[in-house]
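Here you go, one structure.
Every chain is named by a letter (A, B, C, D, E and F) in the order it is written, and numbering of its residues begins at 1.
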Amino acid sequence: TPESAERTAVPGVATGLAVTGAGGDVLFVEASLAERDTGGAGLVLTGQLGDVMKESAQIALSYLRSRGPELGFPVDGLADRAVHVHVPAGAVPKDGPSAGITMTTALASLLSGRPVRADVAMTGEVSLTGRVLPIGGVKQKLLAAHRAGITTVLLPQRNEPDLDGVPESVREALEIHLVGDVREVLDLALQPATAAAAA
Amino acid sequence: TPESAERTAVPGVATGLAVTGAGGDVLFVEASLAERDTGGAGLVLTGQLGDVMKESAQIALSYLRSRGPELGFPVDGLADRAVHVHVPAGAVPKDGPSAGITMTTALASLLSGRPVRADVAMTGEVSLTGRVLPIGGVKQKLLAAHRAGITTVLLPQRNEPDLDGVPESVREALEIHLVGDVREVLDLALQPATAAAAA
Amino acid sequence: TPESAERTAVPGVATGLAVTGAGGDVLFVEASLAERDTGGAGLVLTGQLGDVMKESAQIALSYLRSRGPELGFPVDGLADRAVHVHVPAGAVPKDGPSAGITMTTALASLLSGRPVRADVAMTGEVSLTGRVLPIGGVKQKLLAAHRAGITTVLLPQRNEPDLDGVPESVREALEIHLVGDVREVLDLALQPATAAAAA
Amino acid sequence: TPESAERTAVPGVATGLAVTGAGGDVLFVEASLAERDTGGAGLVLTGQLGDVMKESAQIALSYLRSRGPELGFPVDGLADRAVHVHVPAGAVPKDGPSAGITMTTALASLLSGRPVRADVAMTGEVSLTGRVLPIGGVKQKLLAAHRAGITTVLLPQRNEPDLDGVPESVREALEIHLVGDVREVLDLALQPATAAAAA
Amino acid sequence: TPESAERTAVPGVATGLAVTGAGGDVLFVEASLAERDTGGAGLVLTGQLGDVMKESAQIALSYLRSRGPELGFPVDGLADRAVHVHVPAGAVPKDGPSAGITMTTALASLLSGRPVRADVAMTGEVSLTGRVLPIGGVKQKLLAAHRAGITTVLLPQRNEPDLDGVPESVREALEIHLVGDVREVLDLALQPATAAAAA
Amino acid sequence: TPESAERTAVPGVATGLAVTGAGGDVLFVEASLAERDTGGAGLVLTGQLGDVMKESAQIALSYLRSRGPELGFPVDGLADRAVHVHVPAGAVPKDGPSAGITMTTALASLLSGRPVRADVAMTGEVSLTGRVLPIGGVKQKLLAAHRAGITTVLLPQRNEPDLDGVPESVREALEIHLVGDVREVLDLALQPATAAAAA
């Protein structure tokens, strides 16, 4: 998929799946970290995000701030530097909790410098302890992923029953991973550190 | 109960009981503490919490900030680090004071590293001095706890009369503790430090 | 009165009197001070307090911050530590200026470690210089105090005419002090330091 | 006047004049300064003040912060200490710019320790450079001052024409000073430092 | 003009021109700077200013913060000291961008200690780079300036065509300067440093 | 074009293109940086900008804070100094994401001291990773640029199809660059450092 390949070429970008008025769509979560001593601090959220989606970003960041070190994601770089999470397109309102694991992945990619795999898209609410909670719109999201050339999709374990409603051709074409903990998401979606170093 | 066992496996998560439009339900209060020098500070509250429930979280935190040391909960770890309290599911609005003791327990578990017992659920308003005040929906909450496989429930002492309205089979199946002070809650709900060390 | 005895057993809690939709009632103002270096700061107000009641708490705190030292209440403990004032029940909206002297008493008790006398309840607006200003609902409040087993009530001097409307049996049963300055309130309501040390 | 004498006995309180729904009335502006290192900072405003009246308090404080030293009012005590301005009664909404000179006087009294003369009341908008600007309700305000036993009133120079509408008996009974600059107000209203020291 | 002479006698005050419901009027922009270590910080805006007018004040301050040093206006005095901009009368709502150059002039006067010429009034929007942009109400504003005894008016260059609508007698009586950059405004409106020293 | 030449003569100003109620128009994004120790901090946004346009400014600043150093734009000057972005005219409400690359260019010009080319105008949303995203109103914007004497226009690559709707005479007259990454924008729009030094 040319678009997700271009978008995720740099660390800090992950591919998500959303339900829109016109079916499903691919979206990109972008994260950046201000250089030290450039005057920023805290978490900046843009992309016309609604309350629930803003909370998802806070959960993703808190998860990494508390669990990052034991998972191998350096978080000491976060002190006194602004973290910015943006979800294009800038003028389109977005809401809901289902970008939780995508936000966590984008931030973990940013912190580790490991790019996200371009062929992977994901959807799932994340809890503060890293549990992956079920979301809606599985069928539309898988159709959208397939249309966009995505080959691997990460879905919440508890959404397994929803796969019955997805056309068999789409299920066949996609490698679908059912995940219960965001650590599985990070293992599957982030390129190994060595690949990143070579990138 | 598989779900509460999974959820409360790590310190910082306590099982509560809520009244919803469709009877009662089990909910999980999750608390996390940012690693030192990761740029956060203060209390972050997520889960679409209403005003009263946000105040409950502030009361729970203030209780531990002032009484924690004498009760054996270390609070010096709270300086300059963000505390985050989240109540999944992220998109479901929640309100009311009855998660007060659950929030206190989740935070005390987080501070002490002692996990919460997986078979225990609780409901009760907490005051700033640790008094446990009565709540509503006792019947629905006990039915929900029973359905979810919970075996021990902590209720406010002043809700004792409401037990008359609970089916005898449910009362029999559950070990119900009536509590007047949140210290009793912490004694009953937190695993001993040694068990936690072994976990 | 068992309830106010339990409630005011620790320093930082004072018994007030309020007018509610159903006559008068006893309420408890609880104050706490975060331990040093536990990440809090400023004044936290909970209990669904309205604008006027929140201002009362600010006035009570400012009074002690400016006059505390000359009255013997140590205020240096307030630097960089969060003060929390809560008025249970958490879900019941409350407003009005008449808890002013109760809030001042709760904070003075907290700062000095001197518990408030369990048999004393009070009502009165407080000004920034410590003047006690008149309030409404004297009759309902005295009836409520009497019902709750309170034996001593502190009222604003300027409410003296309202005592005419109170049943003689209630007036007889209560020891009523008419006060013009909050220093009189503190003298009457706080247990002496030696009693506190012995408590 | 017993009330203004009691009220203004301590530095930091000045007597103002207001128009209310029921004619004119005397009001008291109270100012306090937190002791050093008691956790407060900035300007706290209470008394259900409207936007315009809050701005008056900011103007009064800024005037003293910039002009205080040249007028002999020490302002170095303001660093890192909360200034609180309150206007009882706490539950009565108040608005308008005409308490400007009263607020400036209360703050100047607080900073200098010089009490305000108990027989003086005042009304007038103040500008940031200390100009006294005209206000409304001169007749009602003078009648109220007279009723309250006030003997000296400070009015804006530009309100001189409004004196024609005031009953001659009231004008005779009062010593009325027309002022154009807030320095004249401070000279007339504050007791000399020596008197204050003796107080 | 007695009023503008009195008003602008101290540095930090500039005379502007406004359109009101009743034609045009003269207004005064007052600026003050808190003494060092008096507890203030940032920009305080009063006078019931609307959003656009508040933004004008921010633009004026930012212009001087970035360009002040190269224009000879000392800005190091701004660190950690509150800047206050007030536009009397305090209770009259005001809005619009046309006080931009007046605000810049008041602030530049304050920083340099050079008083503004009492015979000069001005109107014009200012951009962040100091461009003077056109405004409305030229005719009413010039009539008001003339009525108030002003003899010199500064107008945006791009408002030159609007002069056709102004009565010839007024144009003759006034010295009108058309300005394109705020530096021209400052040159024309501020008294030379030597004159200020002598003042 | 005289206007854009005057406007962009100093670093920190870039020429954008907007759709207004009356077709298209040229707009100028102005950026300034407060001198060190002049009391400002953070990002100040003025010009009656709507939510989406404010977010564009935050994205532009975050892009430079994180990517600036590797692109040769010094960002260490941003610590503890206020950045101000203004879009005249001050009273005209503006919104939308299409000024994103213009804002990035203005800020990059400010940081580098390299002025923006006066003959260049641009339109395009920018993402946090510097992707240039498509915008609306291509035809009106190109007509406006042509009318204003602009000779070079930068458009998002993904808007190429919209060029079909633009009159051939306008397309011929303009040098149109289709850009996919904001680095291309900066290369095309900023004058080389040597030219800037000579300016």
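Everything below uses one rule, namely that a residue touches a chain if its C-beta (ideal position, glycine included) is under 8 Å from a C-beta of that chain, and two chains touch if they have at least 3 such contacts.
As the structure is a computational prediction, the values presented were derived from the model and not from experiment.
> Show me the overlap between the contact partners of chain A and those of chain D.
Of all the chains present, none is in contact with both chain A and chain D.
> If you take the mean of the Cα atoms for each chain, which one ends up farthest from chain A?
Here the answer is chain D, farthest from chain A.
> So chain C and chain D: same face meeting same face, with over half the numbers shared, or different?
The interface is built from different residue numbers on each side, given that under half of them are used by both copies.
> Which chain's centre, taken as the mean of its Cα atoms, is farthest from the centre of chain C?
It is F whose centre lies farthest from that of chain C.
> Just the number, please: Cα centre separation of chain A and chain E in whole Å.
52
> I'd like to verify one number: the distance from the centre of chain A to the centre of chain F, where each centre is the average of its C-alpha atoms, in whole angstrom.
30
> At what distance in angstrom does the C-alpha mean of chain E lie from that of chain B?
Centre-to-centre distance between chain B and chain E: 59 Å.
> What positions in chain C touch 2 or more of the other chains?
none
> Please classify the inter-chain touch graph. Allowed labels: line, ring, star, complete, other.
Ring.
> Moving around the ring in the sense set by going from chain A to chain F, list every chain once.
If we begin at chain A and move next to chain F, the sequence is A, F, E, D, C, B.
> Touching residues of chain E toward chain D in the complex: what are they?
6-7, 10, 12-13, 28, 30-35, 37-40, 44, 46-48, 82, 84, 86, 88-91
> Tell me, which parts of chain A touch chain B in their complex?
So the residues of chain A touching chain B come out as 41-42, 51-52, 55-56, 58-59, 61-63, 65-69, 75-76, 78-81, 83, 96-97, 100, 125, 127-129, 131, 133.
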